[in-house]
Amino acid sequence: MTDMDDQESVKGNDPEKVVISAALTGALTTRDQCEHIPYTPEEIAEDAAAAREAGASVAHIHARTPDGSPTFETETYEEIREAVRERTDIVVNFSTGAVGVPVEKRVAYVEETAPEMAALNMGSMNYAKYSESREEFVFDMVFENSFSEIREFVTAMNGAGVKPELECFDTGHIGNARPLVEHGDLEPPLQFSLVMGVLGGIPATVENLAHQVRQLPDDATWQVIGISRDQWPLCAAALSMGGNIRVGLEDNFYLPDGEMATNAELVEQAADLVRTVGRTPATPDEAREILSID
Amino acid sequence: MTDMDDQESVKGNDPEKVVISAALTGALTTRDQCEHIPYTPEEIAEDAAAAREAGASVAHIHARTPDGSPTFETETYEEIREAVRERTDIVVNFSTGAVGVPVEKRVAYVEETAPEMAALNMGSMNYAKYSESREEFVFDMVFENSFSEIREFVTAMNGAGVKPELECFDTGHIGNARPLVEHGDLEPPLQFSLVMGVLGGIPATVENLAHQVRQLPDDATWQVIGISRDQWPLCAAALSMGGNIRVGLEDNFYLPDGEMATNAELVEQAADLVRTVGRTPATPDEAREILSID
Amino acid sequence: MTDMDDQESVKGNDPEKVVISAALTGALTTRDQCEHIPYTPEEIAEDAAAAREAGASVAHIHARTPDGSPTFETETYEEIREAVRERTDIVVNFSTGAVGVPVEKRVAYVEETAPEMAALNMGSMNYAKYSESREEFVFDMVFENSFSEIREFVTAMNGAGVKPELECFDTGHIGNARPLVEHGDLEPPLQFSLVMGVLGGIPATVENLAHQVRQLPDDATWQVIGISRDQWPLCAAALSMGGNIRVGLEDNFYLPDGEMATNAELVEQAADLVRTVGRTPATPDEAREILSID
Amino acid sequence: MTDMDDQESVKGNDPEKVVISAALTGALTTRDQCEHIPYTPEEIAEDAAAAREAGASVAHIHARTPDGSPTFETETYEEIREAVRERTDIVVNFSTGAVGVPVEKRVAYVEETAPEMAALNMGSMNYAKYSESREEFVFDMVFENSFSEIREFVTAMNGAGVKPELECFDTGHIGNARPLVEHGDLEPPLQFSLVMGVLGGIPATVENLAHQVRQLPDDATWQVIGISRDQWPLCAAALSMGGNIRVGLEDNFYLPDGEMATNAELVEQAADLVRTVGRTPATPDEAREILSID
């Protein structure tokens, strides 16, 4: 037991075992940008198995059509779940977020496929990108997740036995969990994903990560989700604080040396980093215990 | 010069002089709830003068119709500006925020009446209220302020020589100022209002206030805006950190002892608190200098 | 219940009731500097009673000879205890710190007089003062409190049923409590005094106060001790965070308006500030309950 | 340029280039504990050269006699300086701290050998170790560094053109720099070493590291010094915040996997970690520029 094992920021995590999540696909990027992105259920399942081999214990997945467009069909999610299950014991986590897709459609596949976990976006915000070199906004959306929508998702997840992963892009999003716990919608211990570096949400700094972690209940588990080049230093900081981490092509294509990578290579690099700070990657079953998934 | 005068959190504020803003009206509450809320331009101007007498140097104003409904008519704002100017030298600051009112309408009265300052909402968020006693959500809105809307307001304010007051309800909202500065829309030194305690935004704690202040550029000025009963302790903390403060019937009806008050009484209490921490209320001209209003 | 009542920084304190300590005498200042400083047991007891009347629930006391020099005689401390007890029910708290006085002497009067509480200095540090106007160090000492000395005091206090008040001048001093708890010397819940603004210790800023509070165990009670002119803003910040506060001629002679004051006047001002943030001064019996004094 | 490059915590450091210091010897440990510790000037110089090869740009050195006892003789330090210079261009940094060795002796060798840098301990504190397994204090000292002693060192360093490395074991130690700058003793930009994890000083947590960094002037450079097993996660966190790092047998014998290592192997591991967060080790000349050593 050292000071670092014992720091407040560990919260409900395991000071030694680290849950590495692999965000295999995402919804926005394409093979034109990175040829390694898996599209079909088979491709996704192969990447899940390889990520598991490299040290990941959770696979976070968005469904795609064979041509790479995002899809929200129950059938595709069902195929993905089956294909992953055939190959590996990794925890299956489905995305639920989208701009411009009706809530019912996104609730439906969660209810019907009942993955072990599903992402739950905990508030509204601008979701934008500004290019310093081009001196213009590349995109500029409002990412809407009202309390009533959040509660629709929670109700569905509770009914289907799905563990919600609370995606928080800003400090208020963490605070939004409180009335939902008081109202009996969410049941502790909660699992938080602290997303950093999206323009419109909290900027990616270690100071801000420490601040987000301070907001969490003592028994909460948490991981950091860093976007693009800032991912590696954010992972290093989170691991030092006792956090879990997420890597994968949804968030970032590159290894620290600037090489474009596969999902498995990204997980391998993450697992190395885990060991460098004196911790070890959790197995899927250890992850289930840490995250209170039955 | 003491440690407290010299702390980082003072930022661009004056360690001695405090800008007290009086938020006289708001848009959501009515005389059924608090009989002291001013509605007409004359009533508003009388309250502005009394607030100035009690120690306020800025009047933040939402227009109302004579029956108390919110209005966004240029004519009404023009009447308010005139009525205030006849009575007192207080800095005039007009609101621009609303849910469900077209941007153009809200831009129009700012451009045409050219107040010295106007509020600028810096991001999107849920805007909700949960009642612990009733165990339900009292209201649940998405407060939308996309970057393109924010930029429409900024362009209009820049054209009309209006100083924007950047209203930030969460950490990401502060970060949203950065691309707008880089793009040349906003010009430092910036004036920030740190709004705390709205469900959907950052919770009202001193820890969170300190965090928000850490995000600000070194030359920025700032005030805290606390909602309802938490207003007084938030003001006490902000004053100790070198901040400016806002009080008034828009934010809170009550004195610390639970008595319902007028705008002038709330400002008087605030001025007392300012003196208790060893500082003094700024005059409107001192406020103009502190806030870089020409 | 509001956000502020519920913030983490409240720790083991009562969100509503505030323990005001009056540090009546100190050891270093004299009546040449402030004529209101009490010297004799009778004078001290009169001030204790007046402070109690004004809202204090704890009296922190250093003994003096009739000519004002510090003394560490059991007999004098005994007389003080008696004189206070005859007049008022305030909690009696004796100092134990000194530079250059043998530990045994300071342990002796604590053991023999068995006050309800006694101060316990939790670490070593420089204790100095620099004058900006004279551009020189006014004094420069090393304040030594090794673990073995701390443990001598703790053993004596435990034996005599005295509640230790852990005086922490820096972050490491708070950390020093940990091995003493593990070793069974100190028994939770602990009472911390966060002293700020002594050169050599942690500087007096709200940021630093928030940091010190974050270090504390969840069940710990705490008060802030601010030195000289920074006392009032530090009290305001601490009260907003759910803290208890200390005022009195040991720490500061002046009201916020710069007037030199008596102990009772300082407590009165503190009690006003308590009410301004919506809290109320605790009675001595309420203080005993909050601080776990049997 | 990313968010992480731009975070406040970078302060005066280079967001890309990292100064790795190698603390080759220390004074307290012996070859009985770790056979790789260099004792003689030749051995130390060989380790300095190997550390340089592995990515270090500064060598922090305590002199030893051939049997491993600490020594403070000018002659030995002179031999070390010469032996290092013959082999490599690494920045030479000599220790000055000790318990129970007269200041004059420690000042003398710094003045006479004029290394490029020398450590300067910035305050007093307990310096202790508690064993949880044995349930006792292993050692318990008071590490005394009064302002007058600190100023003796600074005067000598200024006279000899030696850059002081301000070793801060607690928050107050950082604050102690302020009167020394105002008095003209220390000249910015300052170089801070944030030592964490010594019992008596600030505990080793990322939260505390972030806090220490917040205290620093904007133009200050800084490195973290973590003790024993906590070193690797502290380095990971510091690198993510834009900090420099120190490793070496003075602080820690072990690689993250628990293997006992040489100085060069520790530096190699550190350099790997530097690259994993997307930064690169600075050369000695780059380090001189970053640290303002002429």
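Going in written order, the chains are labelled A, B, C and D, and every chain counts its residues from 1.
What we mean here is this: a residue touches a chain if its C-beta (ideal position, glycine included) is under 8 Å from a C-beta of that chain, and two chains touch if they have at least 3 such contacts.
Which chain is which protein? Per UniProt: A, B, C, D = 3-keto-5-aminohexanoate cleavage protein.
If you're wondering where the values come from, they're calculated on a predicted model, not measured in any experiment.
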Chain pair, A-C or A-B, that carries the greater number of C-beta contacts: A-B
Selected from C-D, A-D or B-D, interface repeating B-C by over half of its contact pairs: A-D
Mean-CA-position distance for subunit B and subunit A (Å): 36
Euclidean distance of C-alpha centroids - subunit A vs subunit C, Å: 48
Intercentroid distance (Cα basis), subunit D paired with subunit A, Å: 38
Residue list for subunit A, restricted to those that touch at least two other chains: 8, 132, 203, 207, 214
Footprint of subunit B on subunit A - complex, ascending: 123-126, 128, 130, 132, 135-137, 140-148, 169-172, 175-176, 178-179, 182-183, 199-203, 207-208, 211, 214-215
Complex contact set, residues of subunit C against subunit A: 8, 214, 218
Subunit C to subunit B touching residues, read off their complex: 1-4, 7-9, 132, 196-197, 203-207, 210, 214, 228-230, 232-234, 236-237, 239-241, 256-257, 269, 272-273, 275-278
